[in-house]
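The two complexes that follow have chain A in common; it is paired with chain B in the first and with chain C in the second.
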Partner chain A sequence: MGQERAVHVIRTVDLVKFYGNVQVLNDIDFVIGKGERVVIMGSSGSGKSTFIRCLNGLEPIQSGNIVFDGQDIGGNTERQWRLVRRRIGMVFQNYALFPHMNALRNLTFAPVRERLMTPDAAEARALALLARVGLADKAKSYPAQLSGGQQQRVAIVRAMMMAPEVMLFDEPTSALDPETVGEVLAIIQDLTSEGLTSIIVTHEMGFARQCADRIVYMDRGRIVEEGHPEAFFTQPQTDRARRFISTHR
Partner chain B sequence: MSSPFDWSYFWSIAFLFLKGLEMTLFLAVICNALAVILAYVFAAAVHFRIRVVREMILFYVSVIRNTPLLVQIFFFYFGMPEIGVRTDPTTSGIIVLTLWASAYQTANLRGGIDNVPRALTEAMRALGLRPIDAFVFIVVPVATRAVVPAMMNTMVSTIKNSALLSAIGVPELTFVAMDNIAETYRAIENFVALLIGYLAIVLGFSAMMTSLERYLGRGYRR
Partner chain C sequence: MNLSLITQNGQFFFHAGLMALFIFGASVLFTTLIAIICGTLATLRPAAIRVPIRLVIEFFRDVPQVVSVFFIFFGAPVFGLQLGPLAATILALSLWGGANGAEIVRGGITAVPHHQFESARSLGLSPYAIFTAIILPQALLPIIPAYAGLCNILMHSTSLAALVGVVELLKSAQIVIDRAAYYEGGAPGLTVYGFILFVYYIAGLLMSAAISWLEKRFGQSRAEQRF
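== the complex of A and B ==
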């Protein structure tokens, strides 16, 4: 087990997920190593969002294992998941900032409330991270006063406040207009560049090609293909992947 | 014999009306405040699916909302003494009106809580927040803001419905007016005073609620 901990941060074995009678994830075997940046691609309905939502327990699974830091967390109760989630940050498509709190309080609320940081420490970290994503002057702004791109940057910082070991990005730029996609992707690239293990679900080919250490391509609830971005984009091994790449270019 | 509207009589009843006004205001403040507090407790119990308690609350809300308030008042004041619960008119009035208002406020709040965006709920879970913290600091404020207009409507209804308590002799505004009329047979002056009294209370209340709404809405405007 100790050996495994050094190699894998998260590993899934035969992960199976149903929505009612519909099987959406089919025997997913997946591994991500420490500091690795994996981009998951696939057409809508392929199960890629559902998959990463299983990794922090937002979606219950029906069978299989999720091993995080050497421990099987697949059968966790909601209470046990809560502790795992502090170590796995998540960014959503629609930002999901708390509308009644300004940016600064959105960032400090959870760590202070859960007594993981003192208010002063949380505020200092929040301001430093806000500055890093170019929003130093927006600390007192409410979500409704920020653009979509700015809100998503705040949401990314919120997920990073507790210094997670893994970051999950669930289509972080899908709700943004084309001009702001680039700024958010640049932030994600910057913040994950120092070896933060991250799994990013996205349709942005350019980003995937440039940033990913590995591409995982999913189709109909299965991992169909995975590999280095250059290999994936220039020589896809399956017809499905080939078609996907040609339609998304 | 007398002019259509007797101003000197009108002013002579002012003092009596002030006493009635005081009682109506008292009922308005006490019943609305207690009802809102109870509604948050009830809505929380329903939200967290506390066994049996949840079903009891939903039953109570359904009974109150689907029966006439006047019948509830009579039931409590005339019916309950037969099983040993005897209270004076004012206490009965406060209890019934509070329970009536809190049923509606619970329904209002539940509507707001159910409509808190799913994305927000997931964000709270993803951050590892304790369910109680998420409820108190995120769900309740977001839901409350959405239902302030509905809660304000219920509060106004509560104030106006306090008039029904005159039926069991609670010495509030309407009771004072009816009492005066029974004594002097002067209806128009009493009813004018009555309308002015209610109008003043309700408009005052509305102004307070509007400023509360503005306070809760800070940050939502660009």
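== the complex of A and C ==
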């Protein structure tokens, strides 16, 4: 197990998830190694967002295992999940910044409140992160004063405040104007280029092809196909993947 | 018009006014506590908590305040509770206000977008921190006007205390009128009730001013934030 622990950051075994009577995830076996960038693709309703939301406990699972850093966290209580979530950052489609707090406080609030950082240390790190995504001058701005792209950049660095080991991106550019998609993707690429393990759910083919170490293609709650981006985009193995690629070009 | 009736009884009216103010203040305080606690519980998922709370809320909203005051004043001893008229009135108004306030608070909380809960959870915040620092501030700002309306009704309702014998504004007016009519004759009703009406009017004006100040204050900060 020791060796596996070094290789796999997250592994799921036979993950099963129901919404009521509807099975949305069907025996998902998935592995991501340290520093790996995996892009999950699939049409809407394929279960890709649900899947990554299971990985930080936002969605409860019905059976199967989620192994994170060598420990099975699938059966965690909400209290245990809280500790896991400090180590797994998540970015949402609709930014989900806190509207009553300015950008700086959006970043510092959780680590300070949970006593993981002193206010001074949190502020210093927050300002550095904001500067890194080109928003040094927006620290005092409220979310509503920022554009969609700027809000999403704040949301990304907010999720990185506690130096997570894994980042989950749930369609981070789907709510953005076409002009700002590029800037956000560039930021994601930059921030994850230094070996930050990340799972990105996106429809952006160009980004997936350029940045992903591996593509995972899901359909109707199953992983149908996975492989290197070049192979996936040029020679998809399944009809469904082929159709998906041709319609999303 | 015999205004000396008012000036002669100035101190009496003043104490009655303070009593009305006390009933109002205490009712608003307990109303707010009940509203926030029950309004929050009513948004929880487990039906075992949510359903009874909503039934109780519905009950106290549907009963007229007068009935509630009488029921609690005369009914409390049956349940082994000795409540004076003042305590009974405050309890009745607080239960009515709390039930209506809980509905307002519940509406405010359910109006907060679901992604706010999720992103707060994903940051590893405790449920208590999520509720008090993320959800409640966003839920309370938009409900200020509705809540102000509730407080306005509570202010009017302090006069119900007169029905069980608390000497607040309305009761003091009745006492002064009875006394003047007995000793001096005539019809002092118009003067005294006119004065009481004027006092309620001034109190209402002050409250409206306080609320619009609050709204302007939040309105300004909201304009800055544009959220």
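List of remarks:
By definition in this document, the second predicted complex is superposed on the first by the 249 of 249 C-alpha atoms of A that agree within 3 Å, B and C clash if a C-alpha of one lies under 4 Å from a C-alpha of the other, contacts with A are read in each partner's own complex, and residues count from 1 in each chain.
Note that a contact is a pair of C-beta atoms (placed from the backbone, for glycine too) under 8 Å apart; a residue touches a chain by one contact, two chains touch by 3 or more.
Just so it is clear, the model here is predicted, and its values are computed rather than measured.
Superposition model on chain A: chain B and chain C are shown in a clashing arrangement. Legend: residue contacts after superposition of the two complexes on their common chain; A:Val22 is shown touching neither chain B nor chain C. Residue contacts after overlaying the shared chain place A:Ala96 against chain B and chain C alike. In the superposition on chain A, A:Asn56 contacts both chain B and chain C.
When the two complexes are laid over each other on chain A, chain A has residues 56, 58, 82-83, 85-86, 89-90, 92, 94, 96-100, 109-110, 113-114, 142-145, 155, 158-159, 162 in contact with both chain B and chain C. Those residues of chain A that touch chain C in the complex are listed here as 56, 58, 78, 82-83, 85-86, 89-90, 92, 94, 96-100, 109-110, 113-114, 142-145, 155, 158-159, 162. Interface of chain B with chain A (complex): residues 117, 119-120, 122-123, 125-130, 133, 137-138, 141-142, 145, 216, 218-222. Contacts from chain C toward chain A in the complex involve residues 113, 115-116, 118-127, 129, 133-134, 137-138, 141, 224-227.
Taken in their complex, chain A has these residues touching chain B: 56-58, 81-86, 89-90, 92, 94, 96-102, 109-110, 113-114, 142-145, 155, 158-159, 162.
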